[in-house]
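Both complexes shown next keep subunit A, but they swap its partner, so subunit B is in the first and subunit C is in the second.
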Partner chain A sequence: MTGWHLDDGTLRRYVGRTDSLAEGTSVEQHLLSCEQCRARVNPAVDVIDLAAVWARTRDAVEVPRPSVFERLLRVAGLPAHEARLVAVASAFRGVWLVGVAAVLAFAALAAAVGHARGLWFFLAVAPLAPCLVVAFSYDRRMDPALEPEMVTPYPALRLILLRTIAVLALALPAVLLLGLVVPGDAPFAWLLPAIGFVAVVLAASTWVSPLNAAMAVSAAWLTTVWLVATRSASPAAVLQARIQVAFLVLAAASFGIFLARRRHLRQLRPWR
Partner chain B sequence: MTASISLRGVGRTFGATRALADVDLDLEPGVIGLLGPNGAGKTTLLRLLATALPPSQGQVRVLGRDPEAPAERTDIRRRLGYLPQEVGFPRGFTAFAFVDYIALLKEWTQPAARHAEVRRVLDQVGLSNLVTKRIRAMSGGQRRRVALAQALLGSPPVLILDEPTSGVDPEQRVTLRTVLAEIARTSIVVLSTHQTDDVAALCERVIVLDQGRVRYDGQVTELVRQAAGRVWLADQPDPAATVSWRTGTGRYRNVAAHARDGVEHVEPSLEDAYLLLRRGSPENDPAKEVAS
Partner chain C sequence: MDSRPGDETLLLAVAGRDMGAFRTLYERHAGWLAIRLARRCNDRDLVADAVQDTFIAVWQRPQGFRGDGDVAAWLWGIAIRRLVSRMRTRGSVAAVFEKGGAAPAAEDQVLLSVEYGDIGQALARLSPEMRAVIQAVVLDGLTAREAAQLLHVPVSSVKTRLYRAKARLRAVLAEGSS
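Then we have the complex of A and B:
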C-alpha cells in the first residue's frame, strides 16, 4: 500500500458524481484497497432528506398542474394561492367560454365582411361578453361547492372581486383583438358600454343573482340596439361623445351602488 | 374561551314553514348524535351551528363567539369543519385538487404544509391511494369521503357533519367511527344520521328532533334503557305492539309503548328506543304499524 490517500476535492467529486469516468474508476480502485479512505466516504455524503424528496415526488404526481390562465395570473403578480382560487371560478372550466368566443368571432367576421348591419351585430354582442363572463364566474348556480366554500374564513367579497377582475383581464383583450378586424372606429365603441354593463351587473347582484342581472342587461341592450338599428341610424351613433359619457356615468354610478351595498351581495347571504 | 356551543331559544323559519322552534342546547367536546325523521330540522340545526344560516330567533354562541358579528363569524369559521348534506364538486377535479382548494379558502397558504395536511385528511378517510382520481369517476361512498376529508382539515375544535356515513360501506364506516372518536377527545363533533347503529357505536349523547323541536336530549344508554321490557319476539305481529316487523329468523320483533308481561323479552336496541320515542307516546301518534 502506498502512503497516498484521496484528497478532499477528489472525494467530494466522487460522492457528488461530478468526477470524470477515469477519475471515478481510479478512486474506486483505490477504495477497494484503502480502509482509511473507505471510512471517509460515508461522512462525505450529504445527508439526503428523504422525507423532502418523497414530498417533492408526491407533489409532482398529485398536485394538479396550474392551468395557462393560472400561470398568467401568477406572472401578473397574484400570489400563487390566490391565482389558484381565481382560476377555479367555474367560468374557466366550462365549455361556454368557447361558445362566447365563437359568437364574438362570428360577430367580428360579420362586421369585417361588410356593411352597417354587420357592424351593428358586432356592437350588439361585444359589450355583453364581459358582463356575461363575470356573471358566470361567480353565480351561485355555477358553483357546485358553494356550501363548504361559504363557511370558510376567506372573505367572499374579496373572492368575487378577484374573480371579476381576472375575468375582465381575460375577456377585454380577447374582444379587443377581435375588434381589430372590424373596420372604422367601431372596435372601440363597445369598450365603455362593456365596462358600464359589468358595473351594472355587480350593482344589480346586490338584489338579484348575477346571472339574472346579466341576462336582463343583455336583453335590454339587444332591444335597444335593434330599435336603433331599425331606425336606420349609423353604428357610429354609439361613438358620439354624449353617448360614451353616458356609459361612463352609468359605470361610475353602478360601481358606487355596488360598493355601498356590498354587504347585500347574493353570495354573502343569508348573513347581512 | 370555552370549548362549547350554546343555543338559547333558537328558531328558524323558511317563509311560513317552521323548521326549528325553541331549541336550547349546550354542547361540549364529544360526539353528539342527531336523530330524527326527514324534515325534523336536523340539517337546519347543523347549518345554524356551521354559520351557514342565521337563526330567525334566539341566540347562538359557538366557542363563546357570536356568529351574527362578521368578525366573530370569521373567527368561528377558522375553527370549524363542516360537511354539508350535499356537496357538489367542480368539474374535472381530483380528490387532492378539491381538498387542496378548500384548504386554500381555509387560509392554508404555505404549499408544503397545505399539501401535507391534504394528504393527512385524505389518508384519514381511507383515500390515500385515490388522491389523483377524478371525483366524477368515483363511487358515491368515495365522494362522500372526499367531502368529509375537507371538513377534517386542520383538526377543527368544532366538527359539524350532516350524514357523514351515507353511502359509505360498512368497513369504511368502522374506520370513520375510529377517526371521529379520536377527534372527539378534544373537539365537539355533531353528526346527523339515519343510522342508529352509528349513534350507538359512536355517541355518548343523542338528541332526537321531531318537527323542529327537541324530543330527547341525553345519554344513549338512558334512551335505550327506556325501552327495557317493551321489546319482545313472537311468531306473529302482536296487536298490542306499537311497531312490529319480521326479522331475518322469520319471527316478529314487537315494540310497545307499555311494558308487557308473559312474552319473550329481548335486549332493546337504540333503534327500538328511537321508534318508541317517535311513535310510542300515545299523545304523539297512536297509529300502529306492521311491516313485513
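Then we have the complex of A and C:
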C-alpha cells in the first residue's frame, strides 16, 4: 500500500474507457495491488450483471461433481444434460445395484457349489435383475428427481430408452461376470429372458407403473420356475432352443407394443 | 487497516468449501475483473462467461494460489485465460483495439510521469494493432499463442508486431531522451 490512490477522474475515464492505453495500463497495474481502489471500481460496474453472474456461478459450484457413471456417459457421446438425466436415476446411486449384485452373487454362489437347487435359484433370480433395475430406475416412487423431469417437455420415450440402455449396459456385464461362476450354459441362458422381461416391463409401463409391472413379471417368472422345478425337470429345460426363441419373440413383441403405445407414456405422471 | 479477512484468508476458507467466503471474494473481485476483461473483448456475454468460469476455477482449485504476489494478480491470470478460451470456442468476436487519438489531459500527464514517464507518449504513437499486441503480451503476460487467440490473428503476426512495436518504442524513447 503506497498511500497513492487513483483520483476520481482517472477512475471514471478507466471505467468509461475514455482513457489512453498508457493511462489504462497504469490504472490496471495499480488495481492489482490496491484493494481500496478496487473497491471503488466495483460499484461502477455496468458491463455485466454481477448479481446474475454470481447466481450462475453459485449454481454451478453447488451442483455436485458428475458421478463417474455420468462422466462415462458423456465420454460415450451423450450431451451433458442427457447424461445428467440418465444418471440421476436412483438405480445409479448404488444402493439398488449393490442389492441386485448381492442377490446375484448369492445365487451364483449357490449354483457354483453345484446343487441343482442352486442352479434353479440362479435361473429364477438372474433374468429378473435387469427388469427390476430398469423399473427402479424410472419409477417415480423410487426417484423424486423424476417428477420435474417428466414435467419438462422432454421426450419421455427417449429418456426411458436411454435409461434402459444405460441400465443394461451396467447390469449385463456384472451379471455375465457372475454367470461365469455358474457351471454349464446356464450363465447365458438367462440373457434372452432378461431382455424379454425388460421389454415386457417397458410395454406394461404404458398401462401401469413400471415397478408394478416388474413385480408382476417377477411373480409370474418365479411361479413358472417353481412349477417347472417341482415337476423335477432338469434346469436344462429352460435352456432349450425353443424356449429361448419364445423369449426372443416375447421381447420383440413387447418392444413393438411399447413403441406403438409410446404416447401413453405421458399418462405415467399421475402415478400414486 | 480494518479487521476484514484478507484475500489469502478467504481463499483458505474457500478451500474449506465456505460459500460465504467465496461470495465475499466474488464481491471484491468480480467487478474490476469484468471491467478489465471488457476492455479486451466487446462481447459482454463472453465477459460474463469468463468471470463465471474464473470463479468456478477458483472454487475448484483455490490451492492454485501459491501465496506469491497478490491474489488479484492471480485472479487476473485466470480470468484473461478463461476469456481467451471462451473466445476460441466462439471464434467470431472481435477483440477490442484501443481507440487512437485523444491527447492525454494535464492530469494524465502527471499520472503518466509518475508511473511511466515518456512511455505513455511512445505507446500513443503506436498503431492500434501494435498496441493491442503490446497490451496482450507485455502488459497482460499472455503467450504469443494466447495473444493470437485473443486478437484473432496468426501467431506469426503477433510475433512480428511485437518485434516491430518494441523496436518502435525503443526508437521513440531514444529520440525523446536525446
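Quick note on the criterion: the second predicted complex is superposed on the first by the 197 of 272 C-alpha atoms of A that agree within 3 Å, B and C clash if a C-alpha of one lies under 4 Å from a C-alpha of the other, contacts with A are read in each partner's own complex, and residues count from 1 in each chain.
Criterion: a residue touches a chain if its C-beta (ideal position, glycine included) is under 8 Å from a C-beta of that chain, and two chains touch if they have at least 3 such contacts.
Just so we're clear, the structure is a prediction, and the values are computed from it rather than from any experiment.
One more residue to check, A:7. First (subunit B), second (subunit C), both or neither?
It touches subunit C, and subunit B stays clear.
Looking at the overlay, does A:58 come into contact with subunit B only (first), subunit C only (second), both, or neither?
both
Comparing subunit B against subunit C, which has contacts with more of the residues in subunit A?
C
Touch check for A:19: first (subunit B), second (subunit C), both, or neither?
second
Name the residues of subunit A shared by its contacts with subunit B and its contacts with subunit C.
58, 61-62
Show me the residue ranges of subunit A that touch subunit C in the complex, using the header's touch definition.
4, 7, 9-10, 14-15, 17-26, 28-33, 35, 38-39, 41-45, 47-50, 52-54, 56-58, 60-62
Using the touch definition up top, name the residues of subunit A that touch subunit B in the complex.
That would be residues 55, 58-59, 61-64, 79-81, 84-85, 88, 90, 93-94, 143-155, 270-271 of subunit A.
Any idea which subunit B residues touch subunit A in the complex?
Listed in rising order, the residues of subunit B that touch subunit A are 50-54, 67, 70, 73-75, 77-78, 80, 82-84, 86-94, 96-98, 100-102, 104-107, 109, 111-112, 115-116, 119, 131-132, 147, 150-151.
Which of the residues in subunit C end up touching subunit A in this complex?
On the subunit C side, the touching residues are 7, 19, 22-23, 26-32, 34-36, 38-39, 44, 47-48, 51-52, 55-56, 59-60, 70, 72-73, 76, 98-99, 102, 104, 107-108, 111-112, 114-116, 119-121, 123-124, 131, 135, 139.
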